[in-house]
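Okay, got some structures for you below.
Consider the two complexes below, in which chain A is the common component and chain B and chain C are the respective partners.
The block that comes next holds the complex of A and B.
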């Protein structure tokens, strides 16, 4: 396994501040997207002249090797779009946030300040949090998904996507960041306190990505293609949502996206400066410690049929609904309690004002009982083997992962 | 208690005043009638009007004569005690004062006319030329305290060391300690002297640069010589005047003679000494910054700070001398608690009371070192707050677009 060279990753923090006027792709995905767009557009004669070749926009990490790209070649910029790294040492807000989150001392305040600068505020990739957010987002979604899969091995894919979104979606991350006490700056700039989240705010009443063109990165982007769940696993992001193909990094964005990028960037920065284990601990403490009512995520169209298919697939006896008790059958508000039995085993029970309703509820309860099976809260996850206390002491016991939902 | 006469109401006196003046001013009928009817007391004015009160009439009737014996008005006038007092006072005055004719009235000339304006009158009082005559710019006031108060802790430490050495040198030489501050502080000879705490206060270890005699001699007051010079004979004064570089006729040229111009060749050492002796400026003041006090303080045995100051005579002498050297005052209450040189030093090097909050915080350095606390020297205005969140540049732009002033008023 190839060793990660963390010092090389974080080296861009230490490079001298040389700003280029060209807008550079701020993260890997965008770089690829840009390259893809250039190759796609180079065939059209009209727009070829407008775009410079991607080689012109290459930014070399080591400036010394390329004297022709020295800072003096570029026009001097009177003010920077984001606060200087030296300002981070004087910000009380930033130091308080650093201490409040219990972030290790290895993570310097300058990096902490960088996590608060969105690409929409500072397009220079050495000074915004895009790369950190990309890294931290991957780490966070990895830990969340492995925890979800190991804790609830029988979750249907849609519920898994929803749970992932509920744990690490932008709305949740915005809540998390607000609970951390992070406030937004009214407008990004050099004079802004580095402890404030800086991004270009979306104008009220405008829709995010409204003027964006280019669709998604999915190959079957045609509208009449069916976007199945399995293809979402392959092509879409961790929440099952399509990834937009082109994204202007200067584009103003809603606050929840900026907040979520910040939280991801913090995780990425912890990973870079302290290692994988502190990053995992941070995710566990701040993301996975939140309570999510999993039964509320389910929605069944035909629960009776699904339960019978499930029993058929698993080799159980055909489920039978039986009245367990009833009251007031002839009254205005009768209550029936129905149990679903597979042979002698009761799969679940439900109550309702009619027999049909009670039977449906009982089926839903049995399905949820099946899908929400959990071996326990402290299930070993694959990342436990990489680092931590029990790493390597005992061998890896494969966790039980079910074949998933019933497709009917 | 005697009966007091009823005081005439003020409203009654209006009529009396009006009646007394020759050109009678107008007084309306209502006022006159009201004034008399308002009065509740009978005005005793029968000598003028010839009206005899009822009590007097009754007395006359009883005695059967127009001049009845006894007191004229038994129900009025001053009480018996007041009468006796007045008699005694009059007697005393008569005994003390011989009948004297007024001297002032005698010297008033015949043709005296009181002035109606102040023009041409002699002015009496005020300062006049007092300041010009009495204030000599060449002899400014030299107080006991030095003009500059020491603030550098190392310098203050060195001054305290010097005071200690000098006090114990005087004590060792058997000189009286109260003459410690009589001489103006000269060159510091005590740099190489070590103070060692002992049972009898402290013992001094002298070096070859400064012996006990040198130090005691340096403390001998030159004040007496100055006094002698003041009372010198005329011939001596003349000689002194010839020696001195001051030109008595042109006193403003003194500065030039004392400080030779830079382009002149450096004078010989003897000349320098002579100039230094003659000049009134303290040579120490120019030499002081060149001394590295930190190294000096480090060269001393630290046990000198443990020297006991329990003896009140020594304590007073040391405090007086250190006050003269440093200019730092110590309150009487803290003098009581001082027992060693160290405690005295702690009072001497106490930083001055800060005038601003930021200065107080800088002295403590507790808040300034906290990373999550930011201390500002100035008030944080609304503009500063807007700048912190980055909104001010937008506000500025909008205000400029609309031609509005940035800070609330237009600059003309």
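The block that comes next holds the complex of A and C.
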């Protein structure tokens, strides 16, 4: 027989209501609760009120030590879907991860363990990372998007979505978490080391969300409706992807989503325990410090026309393609270097095996030069003003806000 | 911009900083069978800009002579800098000192077309549409443009507004399909490669 003291479990994370109640059936899956009638009774607060004897606080884990119950009506041993919070203090993996990431000491190991439990492993909201991931995800996408918008103020919306995805999408967050040295547990359970990422793994060959019903939160759910970029800004998530309406939390999920939820949950936990500034520093160090080849995200459809519309809009002279140099015009492999001039200023140049291709490349280079304008590396972002040092020294300098991409 | 989202493999785009160490360790290969031969081959005369001349400074100095390369798109041209950017004035001063604007610009790829604008009336446009409707094979856009002294682009706009151009377009398409049917494997492959190259140019690869 063993006595569990729920009061000692990660006191900060349990709500006051949970803490006042002696024992709650919160860790158990619902079907187990239904099955385990005896245990449920001993767990429930109503029965505890009727019989305030200390026996009601006990959880019997050994079947043999209960003489008054026969083997048939005694339920199977209740096991928790995720490791107990007390186990977090004994896990070497978890302590090493906490130290390796340089997370502030204020964040306890119990919370760190909670960030590693996915809702698909433990459906109870007080013991999984769903709420932390929601919070951390919003903080991260806020910092990434404000940095992108201030550093590259002219990016078209599609490139902005792609850049956001490349910085904070699930694939990148999986890379980040793997670089941190986080491994997955084979299957979730009570006996798992709390330093492992616990989630229900998707069976190989099955598609995630294939049999999900309910559609998306978009009002225009019909397949033939046009899904323009402006509507993505309003209705869709930060990557321009549709948000599903109904989502089963217990559904098995691919590893990259579980890893990304974990990274988001860590950021959320840092925010809750140490504040906004450490969370921002963490995002800067682990997410924004990565190098993204921004010029590789562009793809144009009609660059020549787009450039002429741009020059018209900005009041520049009409762009003219001029041959800067060429070699082997009549040979099998000619090379032309074409520059785009607006008046006497060169906007960009490109080379190619034909005049047409060289001109296209030059137009693409000029458009990229326009869109990739950056005021500098360390542009002040709005969240700098929230902390004391940024706000105190000098006031807010307005950042460059562009008119928007060229419509042609 | 293309109005669809571009998803490239993230591994190529996002990289940790440590990755560059790996790329620099590719082994160099010697193609000559003896050390003397490869040494001889590499013993080329330096470019004249690296040699000392009478104008070069007498003390020790640093030679900054980068190899010819396409300019980076991350260097924004002066014209594209916004007015409130503090770098604009300094850059303008530096550029005026170092690279004065050329008096003669390089030759244009295509000589600029000098066609008058807004000189055709409604009757002329109706005439254009009638000619095309009656003899589409004879009156191509180019010929119509020459006859009415306007650009072929304007002719295309007139004909697309008339709504009578669909049959002609389909005919042209089928004729092109017939021609493509007769192509052999080499020409077909060359055509496909050309299309791929154009797509690569749009992606700037």
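To be clear about the criterion, the second predicted complex is superposed on the first by the 330 of 408 C-alpha atoms of A that agree within 3 Å, B and C clash if a C-alpha of one lies under 4 Å from a C-alpha of the other, contacts with A are read in each partner's own complex, and residues count from 1 in each chain.
Here is the rule we go by: contacts are C-beta pairs under 8 Å (C-beta built on N, C-alpha and C of every residue); 3 or more make two chains touch, one makes a residue touch a chain.
Predicted model only: the values in this text are computed from it and were never measured.
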{"item": "Which of chain B and chain C A:321 touches, first, second, both or neither", "value": "second"}
{"item": "Which of chain B and chain C A:347 touches, first, second, both or neither", "value": "second"}
{"item": "Winner by number of chain A residues touched, once chain B and chain C are compared", "value": "C"}
{"item": "Contacts of A:106 with chain B and chain C, given as first, second, both or neither", "value": "neither"}
{"item": "Touching partner for A:305 - first (chain B), second (chain C), both, neither", "value": "neither"}
{"item": "First, second, both or neither for A:240, with chain B first and chain C second", "value": "second"}
{"item": "Touched partner set for A:313, first chain B, second chain C, both or neither", "value": "neither"}
{"item": "Touched partner set for A:285, first chain B, second chain C, both or neither", "value": "neither"}
{"item": "Intersection of chain A interface sets (partners chain B, chain C)", "value": "none"}
{"item": "Contact set on chain A toward chain B in their complex", "value": "90-93, 95-96, 99, 185-189, 191-193, 196, 198"}
{"item": "For the chain A and chain C complex, residues of the former touching the latter", "value": "156, 158-159, 161-162, 165-167, 169, 171-172, 175, 179, 228-229, 239-240, 289-293, 295-301, 303, 306, 316, 320-324, 338-339, 341-342, 344-353, 355, 357, 359-361, 364-366, 368-370, 372-375, 400, 405-406"}
{"item": "Touch list for chain B against partner chain A, complex", "value": "371-374, 386-394"}
{"item": "Chain C - residues contacting chain A, complex", "value": "1-8, 10-17, 70-71, 73-82, 84-85, 101-102, 105-110, 112, 197-198, 201-204"}
